[in-house]
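Paired with chain B in one complex and with chain C in the other, chain A is shared by the two complexes that follow.
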Partner chain A sequence: MISTFGYLTLALAFLLAVYGLFAVVLGLVQKSAAWTESARLALLLIFPLVTVSLVVLTMLLVGQRFDVAYVYSVTSSEMPIYLRLTAVWGGQSGSLLFWSWLVAGFSLFFALRKWRDEPDLLPWSLLVVFLTLAFFLMVNVFMETPFERFWHMPDGSRVLSVLQPVGAWSLVPQDGQGLNPLLRHPGMIWHPPTLYLGFIGFIIPFALAVSSLASGRRDRRWVDIARPWMLIAWVFLTLGLVLGMRWAYDILGWGGYWGWDPVEIAALLPWLSATAWIHTAILQRRKNHFKRWNLVLVILTFVFVIFGTFITRSGVLSSVHAFAGSEIGLPMFIYTAFLSLGSLGLLVYRWRDLHTDYAPSFGFTKETLTLFSNLILLSILMVCFLGVIYPIISELLTDTQITVGPAWYKRITGPLLILQLFLVGICPLAGWSLTNLTRWRKHLWVLLPISLLAPLAAWFFGDVRGGLALLCMWLVSFSVGVLIADYLQGAAREKGSAGGNILSALWSPIQRNHRRYGGMLVHLGIVLLSLGIIGIEGLQQETQSTLSLGETVNLGGYSFKFEGLEHFEEADGRLVTEALLSITRDGKPIGALYPQREIYPNMGLAITQPGLRSNLAVDLYAVLIDWRPISQDEATFRVFINPLVTWLWVGTGVVTLGTVVALLPDKLRRK
Partner chain B sequence: MLRKLTSFRLEKHLFWLLMVCLLSGLILVDRVQASTPSDDEVNRIASQLFCPICDNIPLDVCPIEACQQWRELIREQLAEGWTEGEIKAYFVAQYGDRVLGEPPRAGLNWLLYLAPPVVFLVGFILLLAKMKRQPQRPDLQGRAHKDPYLEQVERDLANLDQTS
Partner chain C sequence: MSPSGTQPTKSNRLKYMIGGGLFLIALILMIISATKATAEFFMTVRELNETREDLTGQNLRVSGAVIGESITYDSAANELQFVIAHIPGKDDEIRAAGGLSFVLHQAVVDPDNPRIMVIYQGAPPDMLRDEAQAILTGTLNPKGEFLAEELLLKCPSKYEEAVPNQVEN
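So, the complex of A and B:
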């Protein structure tokens, strides 16, 4: 019964979304504020209704109601409670409900803001939000509902239905199938929600852009309102992407964190265009130019969000993430095409109105660097998009199946990423005018030689010989030096006004201009994060070896000794084989690795759990490939030395902190 | 005495025979070992190929039984002296271009290799051209920034004045 209740609240939310859609259209046609207000109130009701539905689903999952098909497919009795909770987004229909809930939540906050100063932006924004809500709720109610139950019919057949068919009685399986083993990881708690928050957050800037276009505005008001929404969505998407990388690093056992899988790339596409927007939005806010470009970027961002959702859920591209494939491909395609063509058509319609007689000056200014950075980001975006869709193009035009693998992506994006790192490094040296470099001249004489210490240390102590890796390390150390020097210059200027108090002086620049210093903190995070990328791409070492008991394999100055194998069964029925590899360096023991292979007998699946030992300098990572099942005196290992990977996670923390600083309220400045 | 001598000679011959056998055995073992490619050599090639059954999983990390057999096949081919190119060509002939991690530079695939640099260069040139067109920002030229919309309204008003 409770599942029927969950379905009915969902259906009611869908009806309200349809009503809101009609009300907002009527409001626009009749120019009636009353209809618009009615639609806004309907929007406020949708979130509580979808929340009830989501709570019901959670109760069903936790209560192990295996008569509900969704609960049966994603949980089993041996799964711990946290996994049963995360199973809300562990399958297609549940994750779509979670998606609808987040859209409703964002819409609620958006609808609750004060619209007194820009009432013309409200109806069009509501239209976009209602279109999205109505679409996803429709999919949830009619195609992918998580509330269907198993029924036994009088004729002996079994059917799936939300409501009890006449004469049927409930069929309750003894146990569920359980969650896909790859999803049974703490990463399941954080990765999907943060990624979804990122994706869905972009709906608000998109709705504002469309409403600004539709209402014929030429000012930058939509950019001002959209900025915090964009930053929040961007930081969640960043976190979602990096948490996904960590998950892959911990569980997939290929020694890396980014496999250039089409679905990974699909999540990167909106991140790239949103990053470009965050930068050019500053130019529009300062100079009221790049009106068209910012609209293009925000539309692209949301279109890529929908595109990513489409390819993940429609099964159009097969990948390791395509576990959620289903029959909703065509409706998703129609919705994606409608939103993309509609918003782009509107932009074309208003194109001439948004013209400005402005051309940026060429010189060593933040403006020039921002534009070149945009060019690089958009080029990477184009490369990634081409890589994702090319296999489809190839199959359609030449009937040849093609794999576009990591080697191609690395070859094409590598130089662009190095250029981007260079731009991030020199960005603080440039000002908004051409005079800034003179301020830096004397500091550069100190910074340049100091920054060379990092690649020199890598050469002498780390035995790094790769030219590109050394160049990137120099870029990183130079960028960090410039960012710190810039901050200290700001603090030194504040020292007088802070009465000589060093702590006050260090806080003052952030207090005076939290957007600038928040942005610089984000840049610092990106630079640190790139150290992790350099570590994997330029400095990784690996070897695979079959070892007898007591034998060692040497790699990068470390010795890994095979000490033994152990087999045990976990409480949830997993059969675990764990190897012990003791590690020594220069004869001194420094720890051990415990790589595992887990077998799920009920599902006939096995997954790898690498053994991992991390510090700021290096990750020691071992995968158990195979072993002799009877004597157990021989096993095959793949051992990796992954330098600097921890900086990827540290850098992400700094990026998050920087975004929070950039989002601090403007009131701070006036204090 | 003669028997002793013969026996000594026989022992001496046997000793040398044994030594020759041992040495040749050692050389043979060494050769056999040298001709068995290491896991790293196999993985170096397998990492450039993709599993023909699974989607988007490189052959060197794919855990399924069939992939283990393909890796062993690569080991045998290497042992027989096949080159990297020959092994890749074999897999392409068996399973098609999709087993290659990097699409071959041929036909329509050139799009993958030419489009990115061309797009970047065109963007770069367009950006430079756009920037050079107006070397100084209006506000740097000492003029107050004007809203083009207001300018248009003023022009329209002026036209209206003239026509009326």
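So, the complex of A and C:
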């Protein structure tokens, strides 16, 4: 049977991982390059095997093989094909297989790089990779396998098993239970895989850090090799987080774009430490300092990835993201503890070797700003971590569970984030030496007044009166101004060599120093993204109203008129009720919103789909809450005006572009 | 490239320590004040009913089983009301008692189980239905009703059923 085949390839991949682990250890003990090479070759085979297994699972899902328990639990016959494909990561065991597949994929690329120049880093890196692969494949093979099928036993009982038990015959349900309706959204296509790519990408920098420590190197070679992996993982994690925000924004009940849910926070933790690493890695490259700190950050990043996986999959915390209760909590915990203690122990063991005599400079320099931004990032990280584990510690200490919610996080991280935005904004003003500021003096006389235009415009045209919101808007416009001015200065310096051609002069700073200007582009993206957050956190307006047919509700200068309700049935069995709200501003019609409520009759669940109209300035967002079923001439709506939210998505695009620029090959420079 | 103006010296370390130290003290003060103002105590429905008087004004978090027939929503006032029944607070107790969906079902059908009225200003969430697990944050009013500010709902039963009952012959 095909499902048995999928299981066997998975089991074979697991055996190869175990073999690889032994071969690496033998190679290390006997100092034998042959064993290491054998392990590397085993690694190359694991990816194709897990790929076959994943393809089999996909075929089972698409082919509606409901006798397979996983297919039964996450799909049903009325689901469209794209959702059946996304069901690969729609449940615990399938998503674990997908996770293992990604680990195997990253490891494959890593094993294929040229190792000739640093043979000592290879075996220890392989050890980390194999430990991880062997662990996740073990969970997939023995504890959470997506290939189990239903069987009728001769004694009338029903069992779950991969192989056919003696005397049993197959039990084939007519239809599956179907994917949780909340997951039936295009967000399901992109959000989980990008997030997973981000998480798993950090394994390579982590493996390099461990191997650098274990092999006793004191140079920064590992940082150089790790940088592109780190940036790739970072940008995928960023995309994954923001795609999750977009999804949450589109589905009511998920608390806007960010709900401070423990699992969301758990995904933010490695993002924060990775962001800190990207910055201090530059200091290590330039000043050969922060050796220990960068190791700490990489280890923290990966430990937080595994910690996040642990709390999501073990069911220790309640969250919208949590998988249903599972038995893999304990092994996950052991694995997490082993990796964390092992790598931190190694760091402590090598601590003295990594000593440097360098004392940092203090003043308005990039170095000082980087250190303070590190302090802020790590403070946010500590606060978030504390918030997540608060219920667990308080229960241990006082026997009462104390939890903290969004209000707690917002109060503490709000000021920190504003401070961080300020640092991002002034960063180009600081150079590696103090003299940089004099270069900026005359530009600042122009930039400061211009940057005041944005908050002034918000005051007069947007009726914004909140002091904090105005301050933040000034910070945003000032930062954007500084970043653009910095880039134009760079371009002006190149103008002569470009022969006066404006286009090539504009491209030349990137060509000359793509790392710096890629980074600045990422900063620009972060600043624009903050604009969206300021809009929804500081300037959101909302109202709720029950309207009769033809009545209007007014909010923020817009009028929303209830024009009617419509009921229809979708092909997949959903019963949809759609309302029509026409919008006018100053008497002029500008469009309509179509908020919906969908009912899944065979699951007894309803989903709310907001009506949304967005442009760069404002999102108009309406939710259909209730209606009189019989007369249909009265319905209740909640209407939101969310200014500037689109910049959250635009900023993310700029961040992605900037990371790509920063990742361009160094050769560009010498052209 | 030696930085002009700032000589890297030991005294710079001191400056960083003072700056960082002040920053951390401010941070800790912020955490303490935020905790005092917003932290929520987790209680079961039974505990809420027993210690009602001492809890007025305190931020609370409670988990219970939704009783479907008690759900009412007044759209004019935008007020949602429903009753939740006691379930054990700890995960291992729930597991020992037969799993979440079993515990939720028992909690709803047993009339002697402690119950509490919940009042929420807002629309009924999509997942609010009979035997769902509601996790609520809010405060108690003097009448002993729970004024919820936030609702989180889980419906486990559908996804816990390991072996299907419907079979093709």
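Here is the rule we use: the second predicted complex is superposed on the first by the 662 of 671 C-alpha atoms of A that agree within 3 Å, B and C clash if a C-alpha of one lies under 4 Å from a C-alpha of the other, contacts with A are read in each partner's own complex, and residues count from 1 in each chain.
Everything that follows uses one rule, which is that a residue touches a chain if its C-beta (ideal position, glycine included) is under 8 Å from a C-beta of that chain, and two chains touch if they have at least 3 such contacts.
Keep in mind the model is a prediction, meaning the values are calculated, not measured.
In the superposition on chain A, A:Phe150 contacts chain C only, with no contact to chain B.
After overlaying the two complexes on the shared chain, residue contacts for A:Gln511 are found with neither chain B nor chain C.
Of the two partner chains, chain B is the only one that A:Pro262 touches; chain C does not reach it. Of the two partner chains, chain B is the only one that A:Thr543 touches; chain C does not reach it. In the superposed model, A:Thr552 lies in contact with neither chain B nor chain C.
When the two complexes are overlaid on their common chain A, residue A:Leu378 makes contact with chain B while staying clear of chain C.
Using the contact criterion defined above for the overlaid structures, shared-chain residue A:Thr356 touches chain B, although it does not reach chain C. In the superposed model, A:Leu171 makes contact with chain C only, not with chain B.
Of the two partner chains, chain C is the only one that A:Asn180 touches; chain B does not reach it. Across the superposed pair, chain B and chain C both touch chain A at residues 252-253, 318, 320, 358-362, 371-372, 375, 379, 383, 386, 390, 400-405, 407-408, 411-412, 416, 433, 544, 546, 606, 608, 636, 638.
Against chain A, in their complex, chain C makes its touches with residues 1, 3-10, 12-13, 15-16, 19-20, 23-24, 27, 30-31, 33-35, 37-43, 61, 63, 73, 75-76, 78, 89, 91, 95, 99-100, 123-127, 129, 135, 137, 150, 152, 154-156, 158-164, 166-168. Taken in their complex, chain B has these residues touching chain A: 38-40, 43, 48, 50, 55-58, 61, 63, 96-103, 107-109, 111-113, 115-116, 119-120, 123-124, 127-128, 130-138, 140, 145, 147-149. Interface of chain A with chain C (complex): residues 69, 72-73, 150, 158-160, 171-175, 177, 180, 182, 252-253, 315-316, 318, 320, 324-325, 358-363, 365, 371-372, 375, 379, 383, 386, 390-391, 400-405, 407-408, 411-412, 415-416, 432-435, 544, 546, 603-608, 623, 625-626, 636, 638.
Of all residues in chain A, those touching chain B in their complex are 218, 252-254, 259, 261-262, 287-288, 318-320, 322, 355-362, 368, 371-372, 375-376, 378-379, 382-383, 386-387, 390, 393-394, 397-398, 400-408, 411-412, 416, 433, 542-546, 606, 608, 636, 638.
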